[in-house]
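Both complexes shown next keep chain A, but they swap its partner, so chain B is in the first and chain C is in the second.
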Partner chain A sequence: MKVISLNATVTASNDRDAEALRGEMRREGVLLVNLMSAPGAGKTTLLSRLIGDMRDVRFAVMEADIESTVDAERIEALGARAVQVHTGGMCHMDAGMTARAWREVAGKDVDIAVLENVGNLICPAEYDTGAGCKAMILSVPEGDDKPLKYPLMFAESDALVISKVDALGWFDFDVEKCAARARRLNPDIRVFPLSAKTGEGMAALEDWLRARLDGWRKR
Partner chain B sequence: MHEMGIILHLARTLDETAERERLEKIEAVTLQVGEVSGIMTDLFVDCWNYFRKKHPALAECELKLETVPAVTWCDCCKRTYETVKYGRECPYCHSQETWLLKGNECIIKEILAE
Partner chain C sequence: MKVISLNATVTASNDRDAEALRGEMRREGVLLVNLMSAPGAGKTTLLSRLIGDMRDVRFAVMEADIESTVDAERIEALGARAVQVHTGGMCHMDAGMTARAWREVAGKDVDIAVLENVGNLICPAEYDTGAGCKAMILSVPEGDDKPLKYPLMFAESDALVISKVDALGWFDFDVEKCAARARRLNPDIRVFPLSAKTGEGMAALEDWLRARLDGWRKR
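== the complex of A and B ==
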């Protein structure tokens, strides 16, 4: 009998897969965006708007859900490439699952690949999927206290989209307070208050995405 | 489910280690789990016992957990305190300029094998 010391994080095998996928995406010049939020914050609605607005950028979307194909159908109806991934009951996507989904769309002309993660503010934040950039959505009806309750998600994201600002009049949501709470966890986080329904605030997010894509290809 | 996802990664690391080290059998694995890692330890052990029945190579591998206490550092008064008891706010100076030092980890410490 012998004792073997490992001292490895339990997700070490995932982190290896993630680095491999990130390297592949960089060689292909594709920016992989890991888009995360709670269920119903408007991930598919935001993507639909981005695809419609940014006609010069070729999108592919990997839709991760426990069940159904409704999200992939919505994206395909806009003419973008979409693949539906079922996580088999799992609450998040990991790098291996993301790489397998990417195989379905790889090799075709893609500029930005979006992983629409499982609706959940907790577990997806803990897994490196191999993405080059992480964005999260918090919708106005969810409340401006969420950075206090789900700190890791806000600490891990490069961008915070505050969605459904067209509904601000009906909710006690303080955009400035929410942004300040997010920045306390993550001083570099970019905050984009917007409405995918009316189009308000979309241009700032689209400019940021274009800049991220350029930066990703130049590095 | 979150715990099951972690177990699939753990099993992969164990399988790879067994192959690399030419191990015949892994008897036990010890994990260090932080108090605020979000892992439910009872549920985690139940998941492991369910999983190993379906994974012959690890069927006899016992999962041992060691809890790592969570400690937070206060940037204002330069002291540390128990995270679980006091949370984000420093109990000494009531500052919120505080950072988690440890307690968020889930580390495979060692395996016992033949």
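== the complex of A and C ==
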């Protein structure tokens, strides 16, 4: 498995870099998904489930972490193309870093490229990575008050995955209240309560991803 | 309840500001604890339990968040002194911000001042806030691989609280493996597996906090 170390590019040029990457991805017909969440919300587990379920879609994954290669190893074990990115201590990925990572996994046989961003509910929301679609995960154990505390992440995301719903009996978490709080920040956000462990709710997210890919290629 | 909005101070002077604040806290005999974790790990729940259990210790709490006042409201409801700090989008607290927040809750009747830092496993570890003691929380649902991915936080902390152990049956989490990974980064780190919900394991943390307060006042 390939591991690359990247440092942040100059911030002033980030928006330009992001637009350039988005244009490139559109020409190649690849939907780039920026997947964000706090540490331990289940990004890699969700991705593993999607890759296993959606055999008609070819995934490539960029795993961003400060250290370790555990996530990219999990994805490669599923037979998907993956690269581990080490961010040199950086708390987010920017567009230049994403473009460098994409070059490591790019190919004619990719439909959806997923950037699994650094586990952080704050900084990744502030940087356009060039993605065509932004999805965030909030896990049930984190609590339904998180839209109140980390509003930008919820405002910026196209989809909110509420993960680990199999643990709803164990934790105080009101799915409807959480969804309403997210929609107050972002009326268009799509909400997907699911469990990647049991499979509950996965189909709705998978249908939405397929529709996003179709839409991306038709525009 | 008081809410203050703070912006970051100049980074170059942060270490100097931190030493100044630490000296002030020592002269006042107040132990400042920098409490850090990812979003939703249970910082406020742990603090609420500590305040309820340790009636012989007088707490003052600085709640740092990007937005909302829910945490400070919870602490005030317990009768403890609290201030809500809004960080203006900032992903961490620095020493200058902490000193400003401390002025809002300072008093002769404080033994332990707790800075509940912004929910983030990355950036807060990089900034000395002037605290005399650093504690982090990792919750069971986040997974035992987090020391591999966020090493600086574990390396910098005096204590690792492994929270939500009442949910150990629900999640794959190996307490011993996690503690060993943390000790590889930080041989001196004290590990406290506990549940603030059931009270299991709280006594060991409370004894340690009392000993830290005594040690701080004797030095």
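Convention: the second predicted complex is superposed on the first by the 206 of 219 C-alpha atoms of A that agree within 3 Å, B and C clash if a C-alpha of one lies under 4 Å from a C-alpha of the other, contacts with A are read in each partner's own complex, and residues count from 1 in each chain.
By our rule, a contact is a pair of C-beta atoms (placed from the backbone, for glycine too) under 8 Å apart; a residue touches a chain by one contact, two chains touch by 3 or more.
Remember, it's a predicted structure, so these values are computed and weren't measured experimentally.
Asks: Name the contact category of A:123: first (chain B only), second (chain C only), both, or neither.
Replies: both
Asks: Tell me which partner A:89 touches in the superposition: chain B (first), chain C (second), both or neither.
Replies: both
Asks: Contacts for A:14 in the overlay, against chain B (first) and chain C (second): which applies, first, second, both or neither?
Replies: Only chain B is touched by A:14; chain C is not.
Asks: Regarding the shared-chain residue A:3, is it in contact with chain B (first), chain C (second), both, or neither?
Replies: first
Asks: Mind working out whether A:105 is in touch with chain B, chain C, both or neither, as first, second, both or neither?
Replies: Neither partner.
Asks: Between chain B and chain C, which makes contact with more of the residues in chain A?
Replies: Touching more of chain A: C.
Asks: Is there a shared patch on chain A that both chain B and chain C touch, and which residues make it up?
Replies: Dual-contact residues (chain A): 89, 91, 122-123, 126, 148.
Asks: In their shared complex, at which residues does chain B touch chain A?
Replies: So the residues of chain B in touch with chain A come to 1-2, 4-6, 9-10, 12-13, 16-17, 21, 23, 27, 31, 38, 88, 96, 105-114.
Asks: If you look only at chain A, which of its residues touch chain B in the complex?
Replies: Against chain B, chain A makes touches at 1-14, 89-92, 94, 122-123, 126-127, 148, 184.
Asks: Residues of chain C touching chain A in their complex?
Replies: 38-40, 65-68, 70, 89, 91, 118-123, 126, 139, 141-143, 145-146, 148-152, 164, 167, 170-171
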